[in-house]
Structures are given as C-alpha cells and as structure tokens.
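For reference, the structure is listed below as structure tokens.
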Amino acid sequence: MLRFLVRRSLGAVVILFLLSIVTFLLFFGMPRDPALLMCGKTCTPANLENLHRVLGLDKPIPEQYWIFLKNLVMGSDDFAQGPCPAPCFGYSYHSNEQVWGTLMDRLPTTLSLTLGGAVCFLIIGLGTGLIAAWKRGTLVDKTFTAGAMVISSMQIYFLGPLALAILVYQTHVFDKPAYNEFTENPAAWFGGLIIPWVVLSTIFASQYTRMARSSMIEQLQEEHVRTARAKGMSRRYVFFRYAWRGSLIPIVTIFGIDLGSLLGGAIITEYTFGLPGLGRLAVESVFFSDLPLLLGVMLFSATMILLCNIVVDAAYAFIDPRVRLA
Amino acid sequence: MTEDLVLPAPREAAADAPGEPLLVVEGLVKHFPVKGGFPIRRTVGQVQAVDGIDLTVHVGESFGLVGESGCGKSTTGRLITKLLEPTRGTISYRGKDITHARRKQLAPIRSEIQMIFQDPYSSLNPRQTVGKIISGPMEVNGIHPEGGREKRVRELLEIVGLNPEHYNRFPHEFSGGQRQRIGVARALALEPKLIVADEPVSALDVSIQAQVVNLLQKVQRELGIAFLFIAHDLAVVRHFSQRVAVMYLGKVIEVGDRDSIYTRPRHPYTHALLSAVPEVNVAGEDVPQRERIRLAGDVPSPIAPPSGCRFRTRCWKAQDKCAAEEPPLVRLAGNHEGHLTACHFPEEPTIEARDKDIVLDPALVALEETDD
Amino acid sequence: SEGGSKGSTNDKEQKENAERQQASIKFGDAAASKGPAAEVPGAKPGGTISVLARDSYAHLDPGQIYVQDEMAVSQLLHRGLTGYKATSNDGKKHEVVGDLATDSGTTTDGGKTWKYTLKDGIKFEDGSPITSADVRHTFERQFASFINQGPPYIQQWLADTPGADYRKLLPDGPFKGKHLPDSILQTPDEKTIVFKFKKPHPDLPYALAMTGYAIVSQKGDTKEKYDKDPVVTGPYKIQEFKSGKSMVLVRNENWDPDTDPLRHQYVDRFNITFNQQYEDSTKALLADSGSDRTGVSFSNAVDAGNLSKVLNDPKLKSRTVGGYQPYVGQMNINLAHPEMKDIKVRKAIAYALPVTPFVRAYGGTDAMEVAGGIISPTVSGYDPSFDPWGKKKKPAGDPAKAKKLLEEAGKTGMKLTFGYINTPEGQQYSTAMAAGLEKAGFDVQRQEIPAETYYDQVSKLDNNYDIFHTAWGADWPSASTVIPPLYDGRAIAEGAQNYSQVNDSKVNSEIDRINKITDPVKAAEEWNKLNEYLVKDVVNVVPTAYYKQTQIAGSKIGGLVYDDIIAGVDPRRLYVK
Amino acid sequence: MTTLTKEAGAPVPADADAFLSVRDLHVSFKTEDGIVRAVDGLSFDLERGRTLGIVGESGSGKSVTNLTILGLHNPMFTTVEGEILLEGQELTTARESELEKLRGNKVAMIFQDPLTALSPYYTVGRQIAEPYMKHMGASKKAAWERAVEMLGKVGIPNPKQRAKDYPHQFSGGMRQRAMIAMALVCDPDLLIADEPTTALDVTVQAQILDLLKDLQQEFGSAIIFITHDLGVIADMADDIMVMYAGGAVERGTVNEVLRAPQHPYTWGLLNSMPRLDSDPNAPLAPIPGTPPSLLNPPSGCRFHPRCTFQDRVGGTRCVTEAPSLGPDRSSACHLTAEQKRTIFLEEIKPRLHQRP
Amino acid sequence: MTSPIDSPPGVEGGGASVVVDGEEPKKAKAGDAELVGRSPGQLMWIRFKRDRTGVISAYVVIFFFLIGLLAPVISWLYGKDPYTVYADERPELFDSAGVPVQPNGGISGEFWFGLEPGNGYDVFTKLLYGIRTSLGISVAVTLATVLTGILLGVTAGYLGGRTDYWISRVIDFLLAFPAQLFFIASMPVVVSLFVSPRDETPVYVRVVALILVMWFLGWMSLGRILRGTTLALREREFIEAAKVSGAPPWRIIRKEILPNVVTPILVQGTYMLPNFVTAEAGLSFLGVGIVEPTPDWGQMFSKASTELVMQNDITYMFFPGISMIIFIVAFNLLGDSVRDAFDPKTAR
C-alpha cells in the first residue's frame, strides 16, 4: 500500500510538473500581455517595462519557470506584496492577493457544491439504478431507464438556467444561488446551494442510474453470481453481496473521474449559478491573463484529478482482492 | 467428403529423402521477463517457459509434443515459427541457422514452415472472406500459381474437404471443424515442408476432432509434410505422431518413438501422465489392467522451477540427488535407439498395473483409507 | 414582464435636474469651507448600514482610485485638499470648497500658481497630524511606477507634458530621496502648499477634489501594500477587509467634524458585502427585510430586469433615487485611417449607425438615453435639443441618407473594421450595429477585443479598427475634462484618450482659448459650441447614449440622495431612520 | 419446422422410487435470432447413490438440463415445460424461495470453470461457509470450521490458512477442489457436476475424478456427471445417457452402453475417439457433418443428416418421424433391435478392436 | 472446449447460413450468387435494421444532419435568415431592451419559433444554422479524434514495448488535464496562432481552433480503447498466422487489424459525437467558442441564460434545449443500438 502510494505520488508529481510546463508555455502563447492589464490608464512603455521587471516577465521563460518552481517548493519573500510561504504560487497579477490564499478562499465553495452534489447524485443515482436492475424488465425499470436517458442528455447549461428562470426569476420560490459559509449560517449555506445541488445531481444521478443498472445486470450474468445462486443464497443476498461488489468497480472509476474534475472546478456549474468557486476562478485567471493564478488553478485542478485517480485505484484493491497495489 | 479426398503428388518429393533432419533445435531457451520492483519498474524475474530443449524433426515425419498446461509446448512452437525470439539456443532449418533471422532474411524459407492454430475462432480473421484468408500468404510471398490464385484457393478448399464455392464466405458462417480446415488450407497454401500444429483439435467437439485428425494425417502422409504436433491429448498424439517428446516445466523429459513412449516409458512423469488418461473399455475387451498413479498438486510455477530434476517435487522416487543434479536426457540401458529419458531413477519400461497404486494426493489417501 | 421598456416617469424630472445643474459650480471661499457640514434634515446618529456591492475594492490607496465604486466608498475614508459640498439637499447643487485646506485654493496669476493652507486639527486615523509634508508626499508618490491606476491630471500639469511622459519628472517618486523642486511644488511650512504650473490650470480645485489626490500619510506609506490597508483621514476607518468578501467600516475617532464641511458621521458602522450582483442587491433591497431594511448600495443600480417594475410602483419608487451618470457613449471614427479621412464617409457612418442596439444591450431606455452630443446632462453646457444626426428621432439609423452619401463618395461596399468589446453586450450591440451599417452599404468587419484590454487596444495609435465604441465620463462637471483629453490633437499619444485621433486645428486652438477662461459659466457655453462643431462638422465621433442609473435602498435608510458628482448614492449623508 | 411427434415425447410414468425424475422436459430460449429449443422432450430417472453420466457434444443441452433442475435459468427468456420431481417434489413450478432451500443443500452443483464460477471478491472459506450457514443455520464460527474441514477433506494442504485465501490465489486444481468442497458442505443428496474436469490437465483430472468417486462413497450422494469425454464417463458413471441436439438418444448402464451401444451416434463417438490402445495407424472414423442448429433442428430423427445407416431403415421414416426412447436400456433409433445388434457386431466392433 | 455460446452469435443460429459438410457441391453450384457470404458488417446491418428504437433514432439523427445540411435551403424557403436584426427592422415587435412584446417569445405565423431577445434574430433559422455549425464542428472533431485514436492507439497496441509505453504515458498525462480549463485557456492561444490578435478573427478560425482544442484532449479515450483492442487482436491467432506467412507489419495493421477495429470505432464514435456536441456547446456557452452573430447551439444556450431571457419570457430557452435533448437522446439510443447490433450478447 505504501509502495503504491509512493509510486503513484511520484507519477503524479511528474504529471503535475509537465502540466505546469505546458501551462507556462500556453500562457506565453496567449495574445495578451498581463502587464498591460495592470499598467492601467496611464501606461507608458517605461512603465510597462518596469511592470515587466516587477512581475519578472522580462526574464527568459525557463528562468521564470525555475523561479516559479523554487517558490512553489520553498516559498519566497521576494514579492513586493509581502512574504509568500510554500506552496507559493506567487501573487495574482490582477487582485494582488496571494494565489494560495485565493485558492483556499474559493475551495469551500467548490467543496460544498461538489461534495453536496456528489452525495445527492450518488444516493439517487445508485438507488434508482439498483431498483431498476432489481426490477429489470418491469414498468419501474423502463420508466427509470427512459427518464435517466432523457435527463442525462440534458446539460447543466440548459437545466441550470431553466431551473434558475423558473424557480428564481419567474416564481421566486428560491433565492438566487449563492455561497454562504457553513460555519456562519448553515441554513443560508444550504439554501444558497440547493438549486445547484439539485441541478448537478439530477444530471449526474441519471448517468449513475444508467451505469449502476447496466453494470448490475452485467454482473448478475457472471458465472460466480450463478454459483452463489446455486448455493441457495437468496436473491437479495446475491444481488447485494455478489453482483454489487462487482459493479462497484466501474462505478467507483467513473465517480473518481467525475469527482476529480468537479473538485478541480465545476466550471460550467459555477459559471451558470454565479458561484465564486474554483471554476470561476479558473475562468477569471484566463480572462485576466493572470499567470500565477492560472498555474495555481491548473495545478490544483490536476492535483484533484490525480488524487481522485489514486484514491480510486486504491479503492480497487479494497473492492477486488485480485488487484494488488504496487 | 474427407473420405474421397484426392491429393496431388508431393512436390519435389525426391529432393528431401525422408529421415533427413529437417529442423534441428538445440538448447532452445525462452525466458519471459517478469516486471516489478520499486520504485522504478524493472525485470525482477524470468518465466522460464522453455529452458533448454533439443529436438530434431525429420523430413516428412510427424513429431508429437505432449505435456501439461504451461509446460512450454506452445512457446516451443512459436519459437520455431519465429513468432518469438529465442533467448538462447539455436534453431536450424535444413542446416541453416535461423535462430535470429530477421523477417527479410527469413523470406525464402518462411513459406516452408507454417502453423496451424488451436482456436478455430480466433485463428481466422472475421473480416476476411475464406478466399482472402487462404490467398493472403500467397500474396505476401508473391506466389503466382498457375491458373491464378483463386483457382489454387479452390483447389486447396477441395483438398481440405470444403466446398470450393465457399470461396466468398466469411469464417463466421462455418462450424469449428470447418474453420480448422480453412486454417489447414491456409497453411498448405505455401506448400510448406514443416507444419507446427499447436493443439489443432483440442478446441473441437469429439465428433469433429476425428475429421480434422484424419485430414491432417492425410496431408502429412500424402504431401510428405513434416509436423510438429503439439497436444495435451495423449491419445491423439499417439494416433498422429511417429515420434513423441514429453515436456515438463520447460524441459523435454522423455523423447522416443511412439511405442517406446506409450508402452515402454521410463520417466516417472510419463508413467503418471499415461496412467491418468481415462480409458474407455469398449465392448468387453480383455485388456491388461493398467497402472494407477495419482500425482499430488499441480505443475510448479515456471518462474521459480525446482532445482535439479524439475519433476522431483511431485515424484515418488525423488531423492537428494534429484534436487542437486539435473538429469541429462540420455538413452537408458534397455531402451530403443532414439528413446531418451532424463531421469536419475527411471521406472520399469511397462505400463502394466503395479502391486500397489501410487497415490500421492493426501486427500485421496485419506478417503481411500476410510473406505477400506 | 416586459423588461424595462415603457418610458419612465422620472425621465423628465431627471432632465430638469440636469438642466438646473448647467449653472456652474462655484469655488467656495474659507467661510464655505468651514466645518461642520450642515445637518441633514431628520438625521440622527447611530445604527449600522449594510452595503451591498458588486465588486470588491481592488484599490484602497487613493492614488490608485479612479473607478466610481471605489470613489464612492472613498467619500467616507479619504479626504483631499478640496471637495464638493452639496449646497442643496437633493445632491444636485454643489460648490467646491476646501476640505483639508482652508479654502478651495487661491491663485493670483490666472491659474498658474495655486496656494493652499491646511486647516488646524486635521489628523490621520492614527492620530498623527496631517502636514504639508504629507501633501507633498501624496503628489510625489503619484510619479512612482506602482501608482498607475489613478488620474493623471495634476502630474501632467506639474510636469507640463501631455500623456504619460510626466513620470520622467520624478521616476521613482519620493522613495529614493528625490523630490520635486520648489519651482514646481513648494511647502514653505507645515501648513502651506504651493503648486506652480507652467500653464494656467483654473480647474485645479476640481482636480484636487478627486479621490485620486486624497492625502496619503508619508509615515504610513507602505507603497504597494497601502492599497489594502491605507491610513485614512475620513470619518470612517477600515476595521476589517476581506478582499472579495466583505468590509467593515467603523467611526474614525480621530476625525473631527469641525474640520469637515462635507461629511457626516451619523451611522456607527457600514457592513459592506461584495459579490452582490445588481439583481441580487435589487432583490434584497426590494424585499426589505432584516438587515436589508437598513441596506443600501453605493454603486449598484437597479438591475435591468427589475427597473420598470420598480419605477412603476410608487411605493418602491419612493425608495429609489436616480440620475444621469457622467458617461457619454460614442462611436469613434479612427481618423488615422486614410479611408476615414473622407467626411462623407464619416457622415454616412453617422447617419447609418443605429444606436438602438447599444441602448438595448444595456437595458433599454430606463438605463440609457439616446445622445445628441458629447456633453452629458451632468456637465455644464449640456443642450438637450442638439441632435445633428437625428438619432433621437430615428435611433435605428437612417440608411437611406447614409447610402446616398456613400454613393456620392464613391465608397459603396467599403470595408469598415469595427472593433468591439468582447462581452455579451458588446457582441450583441456590435452585431446589430454592423447590420445597420451594412444596410447603408458598408462591408463591416467585426473584430473582437478582449474586454480586459479593450481600452488598451483601442488607445493604441496604430490600431486597425475603423470604428469602435468608447464611453467617457467627465472627471468633474466641466467639459474641460471631456473635450481636451478626448479631442485635443496634440494629445494624440500611445495610450492616450484621443481615441479617434482627431487633430483639427480649430479644435486645438479653441481648447487652448477656452481653457484659459476662468469664468466657469462662460467656459461652459464655449465648450458646448465646440461640442457642436465637433459632432456636426468634424464627425470624429458619433454620440450614442447618455448613461442613467436608478438606485434603491432599504426603507430604514434616511438621507438617501443621488449625488450627481459621485454619480451614485451619497454615502456621507446616510443615516438610519 | 417439424418437431417431435407426440408419442415420441410421451411421458414415461415416473419411477416411484426414483430420487430424481425428469419427465418430458422442454426448455427453450427466446433469442434475437429465434427460439432455441435447447432441451426438447427429455426424460430420465436417477436413484440415490448412483452416478448418471451424461455425454454429448457441445450444445446438446447437457448444461441447460441441469441448470433447469436447479431453476437457475433466467425466467425472462426461458420457457420450461415438463416435470422435474425431486423426491416427489415438483421443481419446475416451485417457488423461488423453495428452490433456494434446495439449492446447495439437497442439490449442489459443480461448475466447469472454477475460476469464473468462484466469486473473486470473497475468501474461499467464506464462500464454502455461506451455504452451510444458510441451510444448516450454523453460526459463523461453526460454518468456518466446517469450511476448513471440507477443504481438508478435498485435499487442500494447510486448509486453515488457505481458507482465508481468495480464489485467484489457488491453482486450477485447487479451485476445483474448493468448488467440490463448496458443493458438498451441506451433504447434498444430489450432486450435479457439469464438466468438472474439462479445464484441467490429465494428471489433475485424474486426481479430481478419483476424489469425486471417493467422496461419493463417503457421502452417498447421487451424482449427475456431465462430460463429453467417453473415457471420463466410463471411469465415473454407473448409468449413461447420451444426448444429441437437445434430447437423449441412448440410455443404459455403463456396461450396456459401452459394450453394446445401440445408437449410430454412440457408435460414431466411439469410432471417432482415438484411444491409447487402438491401432494408431488405422484412420479414425469420424461422424460426418456438424451438429445441428437448435434454432432450426432437423426434422424426424435429429441425427439423420449425419447418419450413415439411414438407408437401412428404409423409406423416409428417419426424416419424418422422430424415434422414441424407452425407459431403462434403450436407444432412440428407427433401426430394429436386430439391425442394431448386427451392425454393431459386424461393422463397428471390429473396427474398435483393431490392434496394432 | 469452446461452448457454442461463446462463438459469434447468429453463427450456429443462422441455420441457413451454416454450411453443412455433407452438402453436395452440385446443389450448391446451382445458385452461385447465393454463395457470396454475408460479412459481419452485413450481419450487423441486418440486426440493426430489426431494432426499432435504433432505426427511429437513426432517422432522428439523420433528420438533424439533414437540417444542418439543408439549413440554407430551408431558410430560403422560409424567407428569413439568422442575421437580420429584427429589433431594428421591426422595432414595434420589441421593447427598448429588445424583449419581444408578444407573448411566448414572439411566436407568430411569421416567426415560427419566435424572436431572440436582444437583437431579435429569427429563432427558427438561427436554430437551423446553429445545428449546422455545431454538428459540423462535432463531426470534424470526431473524425480527427478517430484518426488520431487509430494512429496512436493501433500503433501503441501493435508495436508494444517502448512505443506503447510512451504513448500510454502521453494518454495518462493528457487525461490528468483539467480539460475544460484547458479548453478555455488554450482557445485564445490557438486563435492567436492563426491570426495576430489585432486582425480579424474569421469564423473559420474559431471553428478550426475549437476543433483543434477539442481534438487535442478528445482522442485519448478512443486511443486507449483501440490500444486495448489491438493488444487483444495482436494475441489473436490470425495475426500470428499472418506473421508466420511473412507479412510485413504494415500489411498486418492494414489488412488484419484495421478492419477489426471498425466495430469499436463505430461504437465509440456514436458515443463521442454527442459528447463533442455538448462540449462544443459548453465552450460557446462560456463565451470562448463560437460568438455572435454566427449561429451556434451553444451560443444560443449562452443567450438563453442571460438575465434578459430568464427574467422575462423563457420561451426562447426551450428551442435550443429541447432540440439538443432530442438529438442527444436519439444519438445515445443509436449508439446503444449500434453496440447491440455488433455485440448482441451484452445485456441491457
């Protein structure tokens, strides 16, 4: 297990390293000069040059990259805005805030949105999927399957605005989604996120319904499941012990992917509902050509994805004893 | 129908007198690396799939290779057909060393060594018509038979007992036995001298097996093609092969002509193998009772094979010497010419029942004791 | 509901207000500059006001402040040498008076030399007195490179250069021990400051009233970090600031009302919450419950969707205030491009350009008003009847006339590169405008410009946009902050605001002439004439719309006034009912 | 399509003391391509303590028959007709809960491929203990002990430790032993072994066959042993039923069937099998043709397209009329008993007796 | 022994199609034409035709593609185009903020699907053209990813060893990319590769950029699947048979492997295309894809989510929404049917 973790973490670090290089190059490929943005109304070439110097943009890209890496690992006191302890992504060009601080600031929103949504869609999706598989061929099954098919082909950018328009703008049943800190006002936190949760989990749950159903049905046809039945185990037991165990693998895989990419920034969701999470931050960082922020968000998102991958792979070993972690 | 199949006279039959060595394999070794290690993956061990075997296949001869699952039969066959690169040892074909020949270098003799595969379902490309499948090798080797390839394919189809009109059909429209015939036709398309047949009938139904065995036998006899016939069904091998080698865990432990192996085996493993074959005692024949030997457990892992004699862990005669010293493959006293055995403590050359069964399996021992 | 369509009832009223305002603003004397400020009728002290704001304050360093919402909150935090004193209770009439200075400034030579004397008893929030050294520091640090967001006027005047060359005067600001020579800025004693310009600048009292020139503590200057944590001089100080989330202002005990003719300190605290979009704040304030009853927004307008509903409901309307913003939208015609030098082409553009798309994109007639000229209703000299291109009658353009002109010029089918801001609104209005222009026979090529660098792109001299839209607001209610920066041919420079790159000798000489006029009323008249000449004869810009704004507050908010100078709710006079 | 005529499948009265008796069983599956009649009019009996060997080639309906006895088919796509009586209890119509009580308890099954038939997710011990807990009401601990005991009995070395292993940690032979242990854990009265040794090597197969025989002696269960290897059947069974295309074609004791087979298909099987003691130089005599499709089975006698003795029957009876199979020793063929005897003795037997 | 259930279905079952050994050659000669066998592809087609849902979905999908292809023709017949600013042409239909004054989004006999709030484009033609843009882009991306997937996946799978290792690492690496974020970040960069930021960005450049960006992070899953398929195929004995006959690798890939990866490609393709449609719409929704006035599905969603629509008349939302749901559902059903037709064993 430890070996597995070490090996995978090393792999993840390599990937993050490459990703940061790609992001760096991408950034310098952008047709915009971040200094120009900061330079403001009275921008002179001299001023711009000065800004370039301050931001370190005048140095060769490899050197800038090296400085970035150094700061990331060791932190730095070289910033005009103040010290920056590791992991230091520097200060945002746009807001002059510490990037790490900003990330941590936005994280609770994304976490609340994602984890809350995930709990909902897992429960609903797996629940309906299992019911459909259990009642395979019946009307219930057909309804669930058809419903899931239709819902899963909806997109956040349709269902989200639709929910907003109907529930918020037209009927005023709910408030416009917003993020309130849980610690400050749990009720407001809940109320502010309920529509995003519902929308997110509706779409995702329908995918889980389909997946849970089909993998259960597939598992039920496995020979070892038949053996279990031949041993006289009850249908329920076979269903929930034998078949379920096998269907977990694809479910966990997809869940890992979903969760990773959601945690790394549910861009469209946050954009649709105007929630100030990591996804929004990511979009802002791109629009403002804010390299430190962009790098921070990119690496953070990728870390989430990789982390989830590792957790999923570790979960395989718990689910399936044939999988050996190394 | 297979019965009235007419075969053309073998090509240049005179060129290779039967009995000449066609294929000589010496000290052939194939190890597959086992990856592992930490933190960087590297080779941490070797699957000793084939570990130094010597074989000679003569012109026009059918040579059988038997052994339990995983003992390296297929690997041997694939090494000979150059599907795998040998780790060590030499393979020479008609005196020419082809051990490490490249594809281009191999081109002239490529057509002379062909293969028939085990699985009739996976050995034919489902997306090609029978005609394409059979003419493919000719295309690759630039062979332009008289009257065109199509005519030749139809001929071949007829040879293997299929309707030549099936030229345009797809493999999935055929039954297992018929597919195996297509496989044979493909191998014959290049007029080979040696065919490696890797368990060609073990995937077939009992009632079909015989059709294919008969076909192969005809091909072998009438076209004078030498066969390396790999199988785990001892009866089929016996039926098909003039000489037989018994493999155990990557090694040949006994080799000899059919009679020697089947009626006068010397290696304890050969004894065990023969005694394990369930026999139908048909129509009240009066056959002598055969010995009963029940080994314990399965074949050990080829990653860490036992030292010395590889069979010693399951052998009832094993002694310290067996662990220390690897028995050479030699002709034992009293054996026929060419009957070689690798054993320190060989058995008597008979398969008649013994005074007492050899039962090594503890469960059987326990159960049988309670019975008595 | 039909989003903000029907002509709103307070339209007329607003216009009247604006007209009244054409009477120019006086420069007050020492008496007028004396604190304390006149009591707001009915006001009483105490209570907390919650403020809903859309954007977090990116800057709190006065030197960096040039945007409306930061300026609004700065009214509570920062004080400058001068300030606008409301002389009426409706926020329409103002007088420039001394704020930290004893009067609005004295000049003896028609505006070249200005002398200010600091009041007694003025202190920073830390209790240290404000001296002329701080004032000197305030102006010298404007030259440092990290100060790059604020207004450039006084720096330019001091350095006597247009554009951004002024920084050469003191490249590192005062931070490396260099200072402005006495020939430019004199601080003979603790209390006196003398500005010496090469040219007359009668507008200095206006300029000094800008937040950008509010006083910064020399001792407490932390350079870049000052932007998050300034040492304030106003009636409120920052207790807590969570960038992007919230801010709390509490009473500044070191502020002495007797020194301040402008501000009050009625409420105990302001709780400011950010990230409140217009529709959020509107909805909250409409709901008028809990803390929102004492809620207000300094800058958030009533969102477009709710506007007509609010304006048509008398009860709701009573809680609103509204007025013009100083901005005028205008379509620039890039005179640097040879094809644009043909006046017929420019006139054709002026006739063809539909302004409805612009009005539509920003919320309809409740939020935008079709413009005739480039002088906004909030600026002295505005003439509502001026409409040379018939936009008020035919806001969708007059393609027929335009077509004829274009044919006359022989340029039918000519390429017209239209740079537009890449926002949803920009996309919307630019496509429709392009469609309108194409009807007149132009081949319009739309080119998107990223919103964040929009002004940088269009202010480049060699940009290749034939037309592009900008909006400009007067920094003080005189066209002297509109016409010279925008249309002075000598101010054409990389990054400067003469977007259309017009260089008309008559315009240039008129600017010089009017700039010297010390009588603001007379000057306003002259500016208006120049406006008419520009719009009608030079046709370097086509005015599109005047910006309007309606704001709403909770029912317990007292002293709610739309201040034309602040262009929003005046935070200084608010109290809790 | 012609199916069996009525009298062909006429139910044979149930043998009163038969432990298991199957009467006129029809099993068909609905598939994409049509209805597959996997079992078509099958009847047989089995007595306690005896072993019935079922031989037949791939697809002849051996597995389906036995899965049907346990009711393990998918009811959505399957139609079952006929009777299956286990100690007088009707199984085809029994409720699922009743079948559950039988499965693994009174009737146990050993599957062909032990790797896929054992769940990869649970330890071998647990999988063995489960039915014991369920059917015997044993405690977890007792069941575990029983599992260990059973593993020991089937010859797994060090069973205490190995019970905690997962199936993938076992070798092929051991897995099959574990399957046997699992089947026998509740002392079943009937054990159905569906090709239990096909996936194994000869030496291991021999071990397993001996083990099964010895265990049967100890437990006294009846066994249905399915295989396509006549050698194995000769070794294992007391009675033999030969199946072809969904029906039985010949039935009798081992000696009867192997010494005097009566059906052309059985003859074909015997003839086409190379044996260790037959003449290796004599060509084999294969059955021509391929097994029929069950979607569209041949009319009349299903073997007729491959039968070389059709002409001896005369007329078109073989094509039009399905021969019936009587109880006990009999074969479903239109040849007369005399013809069968003489053909076997004169044409088949000499061939089988060819000696090198 | 291989049980017949494991063999390709319909094979034993076909009944008529099974060639019986004993069949007399003479009889067979009678109908030479009949003897041309049915290829697996044909079998799949026959099976597919029997699947009612599949056929209906196929018609729906074809309908959408036809709409896309024929958009100019339809709008010509209908007499409107998606670029006319009706808010300026017919101001009486709108209020000053651009909201249609008639109820239900301005649906009328003249404007079948109503008018778009804002500039007042005709929704019907806009939808037609929008579908055209979206589908065009998605088809191009699908083709590009399929080609890349084939190239890299098959190469990795067939060559194995080092090549495989590196291609697999690249796939792993790209899969760890935060895809959407990367799309957003790289769109301007890719656009700037084609035009300097100050030149006009023609629509085709945006389209190409969209295709490139989605292609870059879109091919991995197919590549992986094809690699797996090829790895499995490589173990199949017919590949070995080809090798034994001396066939060069290129011939093996071309003749033996490629025809056999058609199935996964088709199946994956039918799953990928709708994904690209939604991804493209997502990007346009975020404002980095296709922008006004080029009609595009995603851009319509973006418009639909503005306050203007949500606050006022939400009719407009339903046109892009419902049409996309129908399309995606149909395509997914089609995908399932295609998969079932190829592989009827899989349970659903």
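Read from first to last, the chains carry the letters A, B, C, D and E; within each, the first residue is number 1.
Basically, a contact is a pair of C-beta atoms (placed from the backbone, for glycine too) under 8 Å apart; a residue touches a chain by one contact, two chains touch by 3 or more.
What you see is a predicted model; the values in this text were computed from it and never measured.
Peer 1: Through how few touching steps can chain A be joined to chain E?
Peer 2: 1
Peer 1: Which chain pair shares more contacting C-beta pairs: A-C, or C-E?
Peer 2: C-E
Peer 1: Starting from the Cα centroid of chain D, hunt down the chain whose centroid lies farthest away.
Peer 2: C
Peer 1: Find the geometric centre of each of chain C and chain E from their Cα atoms only, then give the gap between the two centres in Å, rounded to an integer.
Peer 2: The separation of the two C-alpha centroids amounts to 51 Å.
Peer 1: Where the CA atoms of chain A average out and where those of chain B average out, how many Å apart are those spots?
Peer 2: Their C-alpha centroids are separated by 56 Å.
Peer 1: Rounded to the nearest whole Å, what is the centre-to-centre distance of chain D and chain E, using the mean of the C-alpha atoms as each centre?
Peer 2: 50
Peer 1: Centroid of chain B to centroid of chain D, CA atoms only: how many Å?
Peer 2: Result: the chain centres lie 31 Å from each other.
Peer 1: List, in ascending order, every residue of chain E touching at least 2 other chains.
Peer 2: Chain E, residues with two or more chain partners: 1-2, 10, 12, 14, 18, 21-22, 188, 302, 307, 311.
Peer 1: Could you list the positions in chain C whose residues touch two or more of the other chains?
Peer 2: Within chain C, residues 279, 305, 450 contact more than one other chain.
Peer 1: In chain D, what residues contact two or more other chains?
Peer 2: As it turns out, chain D has residues touching two or more other chains at 58, 228, 288, 290.
Peer 1: Per the contact definition, I'd like the list of chain B residues that touch chain E in the complex.
Peer 2: Those in contact with chain E are residues 1, 78, 81-83, 103, 106-107, 110-111, 113-115, 117-119, 121-130, 133, 136-137, 140-141, 161-170, 172-178, 183, 186, 190, 203, 205, 211.
Peer 1: Tell me, which parts of chain E touch chain A in their complex?
Peer 2: 172-173, 176-182, 184-186, 188-189, 191-193, 196-197, 274, 278, 281-282, 285-286, 298, 301-302, 304-305, 307, 309-311, 314, 317, 320-321, 324-325, 328-329, 332-333, 346-348
Peer 1: Give every residue of chain E touching chain B within the complex, in rising order.
Peer 2: Interface residues on chain E, with respect to chain B: 1-2, 6-8, 10-12, 14, 17-19, 21-23, 25, 28-29, 32, 35-41, 43, 236-238, 240-248, 251, 255-256, 259-260, 262.
Peer 1: Can you list the residues on chain C that touch chain A in the complex?
Peer 2: The contact residues of chain C facing chain A are 56, 58, 66, 145-146, 148-150, 152, 163-165, 167-168, 171, 223-225, 227-228, 243-245, 275, 277, 279-280, 283, 305, 450-453, 455-456, 494-495.
Peer 1: Which stretch or stretches of chain D touch chain B in the complex?
Peer 2: Per the touch definition, chain D meets chain B at residues 57-58, 152-157, 171-174, 177, 201-207, 209-211, 214-215, 217-218, 228-232, 234-235, 258-260, 268-278, 280, 283-288, 290-291, 349, 352-353.
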